[in-house]
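Submitted below is the structure of interest, expressed as C-alpha cells.
Going in written order, the chains are labelled A, B, C, D, E and F, and every chain counts its residues from 1.
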Amino acid sequence: MFVDMPLDHLRAYLPERREPADFDDFWDRTLAEAREHDLNAVFEPYEADLALVDVADVTFAGFGGHPIKGWFIAPAGASGPLPCVMEFIGYGGGRGRPHDWLLWPAAGYATFVMDTRGQGGTWRSGDTPDPVGGNGAQIPGKLTQGVFDRHDYYYRRLYTDVVRAVEAARSHPLVDAGRVVVTGGSQGGGMALAAAALVPDLAYAFVNVPFMCDIRHAVEITDEDPYGELGRFCGIHRTRVEEIFATLGYFDGLHFAARARTPARFSVALRDGVTPPSTVFGAYNHYAGPKDITVWPFNGHEGGESQQALEQLRLARKILG
Amino acid sequence: MFVDMPLDHLRAYLPERREPADFDDFWDRTLAEAREHDLNAVFEPYEADLALVDVADVTFAGFGGHPIKGWFIAPAGASGPLPCVMEFIGYGGGRGRPHDWLLWPAAGYATFVMDTRGQGGTWRSGDTPDPVGGNGAQIPGKLTQGVFDRHDYYYRRLYTDVVRAVEAARSHPLVDAGRVVVTGGSQGGGMALAAAALVPDLAYAFVNVPFMCDIRHAVEITDEDPYGELGRFCGIHRTRVEEIFATLGYFDGLHFAARARTPARFSVALRDGVTPPSTVFGAYNHYAGPKDITVWPFNGHEGGESQQALEQLRLARKILG
Amino acid sequence: MFVDMPLDHLRAYLPERREPADFDDFWDRTLAEAREHDLNAVFEPYEADLALVDVADVTFAGFGGHPIKGWFIAPAGASGPLPCVMEFIGYGGGRGRPHDWLLWPAAGYATFVMDTRGQGGTWRSGDTPDPVGGNGAQIPGKLTQGVFDRHDYYYRRLYTDVVRAVEAARSHPLVDAGRVVVTGGSQGGGMALAAAALVPDLAYAFVNVPFMCDIRHAVEITDEDPYGELGRFCGIHRTRVEEIFATLGYFDGLHFAARARTPARFSVALRDGVTPPSTVFGAYNHYAGPKDITVWPFNGHEGGESQQALEQLRLARKILG
Amino acid sequence: MFVDMPLDHLRAYLPERREPADFDDFWDRTLAEAREHDLNAVFEPYEADLALVDVADVTFAGFGGHPIKGWFIAPAGASGPLPCVMEFIGYGGGRGRPHDWLLWPAAGYATFVMDTRGQGGTWRSGDTPDPVGGNGAQIPGKLTQGVFDRHDYYYRRLYTDVVRAVEAARSHPLVDAGRVVVTGGSQGGGMALAAAALVPDLAYAFVNVPFMCDIRHAVEITDEDPYGELGRFCGIHRTRVEEIFATLGYFDGLHFAARARTPARFSVALRDGVTPPSTVFGAYNHYAGPKDITVWPFNGHEGGESQQALEQLRLARKILG
Amino acid sequence: MFVDMPLDHLRAYLPERREPADFDDFWDRTLAEAREHDLNAVFEPYEADLALVDVADVTFAGFGGHPIKGWFIAPAGASGPLPCVMEFIGYGGGRGRPHDWLLWPAAGYATFVMDTRGQGGTWRSGDTPDPVGGNGAQIPGKLTQGVFDRHDYYYRRLYTDVVRAVEAARSHPLVDAGRVVVTGGSQGGGMALAAAALVPDLAYAFVNVPFMCDIRHAVEITDEDPYGELGRFCGIHRTRVEEIFATLGYFDGLHFAARARTPARFSVALRDGVTPPSTVFGAYNHYAGPKDITVWPFNGHEGGESQQALEQLRLARKILG
Amino acid sequence: MFVDMPLDHLRAYLPERREPADFDDFWDRTLAEAREHDLNAVFEPYEADLALVDVADVTFAGFGGHPIKGWFIAPAGASGPLPCVMEFIGYGGGRGRPHDWLLWPAAGYATFVMDTRGQGGTWRSGDTPDPVGGNGAQIPGKLTQGVFDRHDYYYRRLYTDVVRAVEAARSHPLVDAGRVVVTGGSQGGGMALAAAALVPDLAYAFVNVPFMCDIRHAVEITDEDPYGELGRFCGIHRTRVEEIFATLGYFDGLHFAARARTPARFSVALRDGVTPPSTVFGAYNHYAGPKDITVWPFNGHEGGESQQALEQLRLARKILG
C-alpha cells in the first residue's frame, strides 16, 4: 500500500522551509567550538580474523572533545591513496563488529564506520557513551534529549561528530581526502545529508530513506518510531510544542539540503511509514547539489537493500574509480 | 489469567539474594557524597488556582547537587506540625501539575511530590533534567543508562534523589519529621522500598506493585516494559550480561527489603505482567520490617487503584492521626 | 499522525444536519414524562476519610423514576451559596470513589458527580443499574441497546438522567442554582452538550472531545470503540441500517449544538481516532451559544488532561468567581 | 501450541465442585415460576425460498413469559413423527436466516433453532430482545449482566428459555418427544449441557467446546473473551468478587454435569484458549450420564467444524434412526 | 470506517485497462490446449448421511489433464433437467464436506462445487493437488507461483479448471446446460467473473467481492492478504516488477469484465480492505453484460453473508424458476 | 522471557526418537536416485563489482536433476586448495546478491551459497524454481507441500539438493574437498544438520537455531511460523494428522543428529519462540558426533548474530587453518 502522495505529486512537492535566521551561524559556531578540541584521531590495529582486510579500532574527539569510536577497514596491505566511504548508522544501532561492514572494503575501498554516541542498544551494539545529559524531560530514545534548547539537543552533538569523523578519516595516511563519500540509511541518511551540507569537498553522498527531514510534517503524517517518539513527546509536553520545533529547525534535513553542493543519490520507498516519501522528496526537491533519486515502489523502510548496495557499488566505481 | 505462581506458592517464595559484598558501603559512600552538597531546599509559593490548598514549587539538591523539582502541597492555611506523605512516580512520568496530587492534602496531610530526573516524557510531564549521560550504549529509556558501571548507573542518582527528597520535606517548617510516609507504585514503589531501607525513622511505607525487585528473575519471566528494555539490551550486549547484573545487584529491591525496618504495606496484583507477582513477593518475603500485603487477584499492573487509595487513606488515619 | 482533515478545513467544516422533524417534541415529551416522577433527591452524608471536604452519597429519580446514584462533594463546612460543577463520565465508567473527584472541591466549588446507569464495569466501578432491557438484539455495550426504537434507546434514559441530575444538584441548599456548570469528556462531553441544550440557565459548559456527534459520519471514518460498536452492529443488522440512524437522529450532538444557548468551551484533539476532530468541529461549528474551542494538535482522545483541567480551573474562576 | 495440561492429565482432571447448597431448589423454583406463564408456542409458516424444507417462524414464552423467537425447520411435506435437533447458539450470535441451519433438515430431521435473548448483534443477527435490565453495573456483554444477584443474572433467564424451548419443540405435532437431541458449541454447548441436566428424557446431547464450565478456574487461566469479560469485570469490581462467584455457582456447567443423565458426546480442542481444555474436561469428567468425548489436538475454539458435524450426523443416525 | 473512495465516486470510477494485445489469443490457445485432454468427468455416488440430497464425488480433467475433484449435489431422487449452480471457493479453501454446501440443493437446484488445486490447507480442507511447480521463487501462497511467465502462472491453470468444471457439470444427465449459474466470493468471485467471460451461454453470474481485479491498483491501496502477498513479493523481486505485472495482465478481472456477456449481479462492501471497493467497482463498471450491484456499506470482506445468500436465492428463483 | 524449560533441564532433555524403520533406506535410495542424474556443476564467472573476490554464478543438478543455482565466491586470484564454507539459507530466503555473502571470503575461504528451490520470495530473492507440485492441498509455504507422501515431500527434494551442493562445491578445482564446512541458521541450520548426517567427511558443521527438529513436539509448544504453518495445516486436515507425522519422521533433525559423525557446534537461544530451545537441545543431545553448544540466554531467533559469526570465524581458523 502506498503510504503517501502519488509519485507524480511527490516529484513536484516542494514544502515551505521555515529556517531559523541564524541557522548558518549556529552551525559555524558549533563546528568552530568543536574544533577547539584537538581531533586526536587514533587508529589502533585490530585483529578481526579477516584475512582480506586490515582493521583499525578508531577513536577521535567529537563534539565537546568527547571520545567517539569507529572502525577503519581497508583492503589488506593496501598502500593508498584510497577512496574512503563513511558509513553512518540507523537509529538505535552501533558500530557492531568489523565483519558487519565488509561491502566497501570488498569493493576495494577504505571504509570508516562512525559509532553513534549513546545509541547501540537497540539492534546492534555500540561502544560510545554520550556523556551529556538532557536539559529537561525526555521520552525514551535520543530523539527528544535536550530538545528544549538547541545547544543541548542530542543531534547537535551527533552531527558535529559526523563532521569530525570525516576529518578523522581524511587524516588517515591511506585515505585520498578528495575521494571521500558519505552514506547511510534512515538516521544514517540524515547524517549523510548533514555531512553533504556541512563538510566541503565531499566526492558524493548516498542518502537513503533519510530521517530528520521536514520533521513537523513527518510527525503529522506518521506515528511510527522514531518520529512517533517525537509526536508522543509533544503530546505530553503539549504547552511547549513551539519551543520544540524551534529547536528542531536547526536540525531539519530540508535546511541542510538547501545548502548542500555535494553530488548526491537519494533513495526513497513508497511504502515507507518510518520516513514517509513526502519527507524524503521534500529534502530531495530542495537539494541544491547535483542529484538523482531511486524510487522503490513496493518497499517499506528497508528500501532497496542488496539492490541498493549494488547500485551504489556501480555508482562508486564510476565516481571513484 | 494469573501470570505467575499460584498464590500459596507466592506466599512461601523466598528467592536467593545475591548481594554484592560492599552493598552497604556503596550506599553509605553514595549518600555521604551527596550530602557534601548543600541540600538547598527552596519552597517557592505557587498559584495553583486551588482554594483549599497551598502549593509550593520545590527545588532541592539531589545527587551531584543537581537541582531536583517537586511540589509541596498542604491544606490551605495549615499551621502544622503535619504528617507528610512523599509521592514517588512510575516509570516515564513527571510531577505534572499540582492538581494531579490532591488525595493526601484533601485528607488533611502535607504531600511532597518528587519529580523524576530525566523522565516525565512518556505519560505525565516532568521538569527535571538529568544532566549526567551514560557510560556506554543504552536502549531507549533510563533503565539501562550507565548500567555498565554501578557509579554511573541512573538509579544511583535517582535513589539518592529520593533520600534527599525526604530530607527536603523534613526541612519544611510545617512538616512533623517523625510522621513522614513514603508511597508510590511501580518505579515509585521501588523508590519507596529503597527509602524504607535508606532513610531512618520513616513512619510508614506504601509499596505498590514495586519495580526493580529480583531483577534477573524478572527479565526471565516477563518481556513487558520496562523490564523488557533490560532484556532486549542484554540481547544486544550479549557478551556483557554479567557486568550488567553485577551493577544491578546494588539496586535490587530484594536487597533493600532485607535491610528495611520501616513498617510497610505492600500491594500486588496476580495478573500483573509488568511487575510479576513473584518479584513483588520475593521482596515482600525478604522484607525485614513489620509488614502486610494486599493481594488483588483480578488486576494487572493497575493494582487496586481507587480502592488501594482508600485502604491507604484509612491506614494513614490509623498511623498518623 | 493527524487522523482527520487539516485544521483550517476543520474550522470551516459545517456538516449538514438531518434532524427529525419532531426532535424538540420528542425531548419535551420525554422530559415532561420524567418529571411526572418525584425527583426525590436524597443526600446521605458519607464518611470518605477526607478532612477538607464533605461528601454525600446521592440518589435521585432519573428517567422512569429509576434511582440514580451520585456523589455530592463540597469544601468542608462550606455555608454556600456555592457554584456547582456537574461531572459526567466517559463510556464504560462509573462514579468510583469520592476521592476520584477532588479537583473542583479543592478549587472551592461544590461538585455533583452523576453515576451512569448500567455502566461502570469497564474502567471505574459504578453503582447504578439500568433496569430497562433492549428492544432487540444489541452488540456488547450500551451504545446499541434499544436502538431500533427511539423510545427504547439507552441514551434517551441517560440524557434524561442528565437533566434530572442538574435539577437534583440545584435542589441542594448549598448550591447557587444560577452558577451551575456542566463538564465531561467523551461520553461525558456528549452529556454536557445535551445538558447545554436541554437545561436552561446553565452558567457554562465544558465539552471535551464529545462523543455522539455527527454519528453517521463518525462510523464512516473510524472503527475505534465506542463508535466501532455501532459500525459493527450495522454490519450485522445490515438490512436495518436506516431504522438505526432514524433513532440516532434524536440523540446526535449536532442537533443539541444547534439548540444550545449556554456559553461553552469545547476541546478537540487532532490525533483522536475515538471522537475524530471533524465530528467535534461539526458540533462546535453548529453550536448556537457563545463559544470557543481549544485545539490539542499532538494528542489523541486523552486530549489536554491536566492541562485541560488547568484551563478549566482558570475559566471557572473567571465565570464563577 | 497446546494451551493447557497434557492430554493424559486432562483425562484424569477432576476439579472440586463448590456448589451452592440450594442449587437444585433454585432451579426447581426458577422453572416452576417460568411455567406459571402459558408456553404459548406459535409456529407461523415462513417463506424461506427453500424447496426441500418447510420453515416456521416460532415464538414461545421463555423466562418471565417473555416472547422468544426461533426457527422450526423440517423436510418439506414430512408427516412425522420426526426426531428433532435443538440448536443453541454461541455468544453474541442470533438465529440469523433459516438457510443458516440446513444440516439437520437435510439429514431428514426436524430442527428447532432457539434465538438468544439480547444477543444477535456480534456475528449473526438475532430478533429477540431481553426486556430485563441489570441489577448493577455491567461490562459490555451479557456475561456480567445482573451478576450481583442470582435472581437477576442473565443466564438464569437464558437457561430457562432453553428448557422452555425444548417444551415448545415437543409441542409441535411433527415432533417425536422421545427423540429430541440438544446440540451447540461454546455458549451453545453450555446451553446443551444445562438442558442435559434440567430437561428429562432427552435422547442425546452434543456438547461442543462448552462455555460456562468451572468458571473461576477459567478466568484464572485465560483472558480471551467471553471469559475475559468476566475477568476484567472482577478487576473493576475488585471488592465484590466473592458475590460474583456466589452467583455464578448456580450456573456452572460442572454442577449441571454432575446432575445430567442424558447420554452425551462432548468435544474439546487442545489449542482452544476461549474454552480451555481443562474447563471442558472438568465438566466431562463430572458428567453423570453415559458419555464419550472427541479430542481435536490441533484445533482451537473452532473445534472439529465440518468433521464434527459429520461425526454428529453419524451418531444421530445410530441413535435416532 | 470506509476504506476507499466515497460511494458516488466509486459508481463513476472507470480505471484504465492495460490489456495485453494477445489476451484473447492467450486464452483461446490455453483452452484449446486443455480440451485436447479428454474431459473424463466421473460422478461417483457418495454416502453423505444426508437424506434429502444425493451426492457424487466428482473427478474431471482440468488444465493439463490433471484430475480435479468436486462435489455434485442434487435433491434426492430428482429426475431433471435441473438448473445447476457452480460454486467456486475463496483463497486457501477446499471443497470440504458435502454438508458444507446445502444452500442450493435445499432450494431445489443441483450444485457443483469445484475443488481448488493446491489450496485447501488454510481454512477448509481440499483434496486436489497441483502437480505443477513454479517457474521461479514464490512467496508462501499460490498468488505468486509461476508469476514470471504467463504460461506457468498458477491462475492460468485455475481458470482453465473453472471452464472445464462448467463443461463437466453440463455433462451430467440431470443438468440443464442452459440453466447454469456461476457463483463465488473473493477468489471464488474472481473465478465466477472469469467464467462469465470465458464460458458461453451461462444463465447468470453472482460475483461477490471478487479478487484479482485491477491488480496493480489493488496492491497500491491495500496490504491485506492475499493482495499483500503480491505486494511483498514485488518488494523482494523489486527489479522484476514489470515482468510480474505483464503476466498479471492476462488474469485481471477488468479484462474479463470487458468481455463478459453473461447477466451478472455483483456485490461489494465499503469496509472491505481485502478486495477494496474501487477494485470491485472497477470491474463492475467495465462489465459488458447486463448487470447490477449490491452495496453493503457497513461490511468488510464478509459482505452480505446470509443476507447475500437470500438475495441470490430470490434472484435464482426469478431467473431459473 | 525464557520460552521453554530452564537451562539445566534443557541440557538433560533427551526426547524419544520415533524413527521410521526404513529411514536409512529411504535416504540411501533417494540419494542414489539423485546421483543417476549427472551433477553437471557449472561455474560461470560473474561480474559482482567486488575487487577483493572472484564470483561465479553456479548451476548444478539437484533432486530430479533439476537445475539449482548458487554463488561461489573466493578471494580474488586465489590458487587453492582452499577450505570451503557451504551456506544454507533460512525459510523463505534465496541467494540474493554475491555481496550478501562476504564474511567467509573476507576471512580467506571459499564460500558456496546454495539457493533454495521455490523459496526466495519472502525476505531475500532467489532464482531457483521448484518444478514439482504437491501431492495434495497445502497451506501457503513449502513446509506442507507434498506432506501426505514422503516421496513427494518438499524437504526430500531440498535435502537432496544439499547433498548435491556439497558435491558440486567439492568438484571446484579451488576447493580442498577435505576441508568443507557446512553452516546455516534456522532452516539453514536444519540443512546443515542433514548434511552432517548425509554427507561423509565434512570437516565441521555450524548448526544455528536449527529448524525441523523434534517436529511434533515443536508444533505442540509453539505457534510461530514456520512451525505454525504445520500446526494450522494439521488443524485443517484434522483427520490425516498421523499420515502427516509419518512423513515428517523421515525429515526430523533428531534422526539426522543420531546418525551424524561430523564435529559440530550448535547454537541455541533461550527466548527463541521460532525454534524453541527444547527442540534444539533435543537434536543436540542426540547428536552422535563430537559437539559443543553455545547458549544465548537473552536472545530470540536471531541468536548470536555478529557475535555468533565471530565465534565461527575463530573456530574455523582453528579447524581449517
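In this text, a contact is a pair of C-beta atoms (placed from the backbone, for glycine too) under 8 Å apart; a residue touches a chain by one contact, two chains touch by 3 or more.
Composition by chain, UniProt nomenclature: A, B, C, D, E, F = Acetylxylan esterase.
All figures in this text were calculated on a predicted structure; none of them were measured in a lab.
Steps from subunit A to subunit F, taking the shortest chain of touch contacts, total 1. By the residue-number overlap criterion, the interface of subunit D with subunit E counts as same, with over half of its numbers used by both chains.
When chain centres are set by their Cα atoms, the one at the greatest distance from subunit E is B.
If you average the CA atoms of subunit A and of subunit E, the two centres end up 50 Å from each other. Rounded to whole angstrom units, the spacing between the C-alpha centres of subunit A and subunit B is 38.
Annotation for subunit C: residues touching 2 or more other chains are 124, 232, 307.
Taken as a graph of touching chains, this assembly fits none of the simple shapes: it is neither a line, a ring, a star nor a complete graph.
Chains touching one another form the pairs A-B, A-C, A-E, A-F, B-C, B-D, B-F, C-D, C-E, D-E, D-F, E-F. Taken in their complex, subunit E has these residues touching subunit F: 92, 94, 118-142, 144, 229, 232-233, 236-237.
Put simply, subunit D touches subunit E in their complex at residues 49-53, 75, 96-97, 99-100, 102-103, 105-108, 124, 305-307, 309-310, 313-314, 317. Those residues of subunit E that touch subunit C in the shared complex are 1-2, 271, 296-300, 302, 304, 307. Those residues of subunit E whose C-beta lies close enough to touch subunit A in the complex are 219-223, 231-232, 234-235, 238-239, 241.
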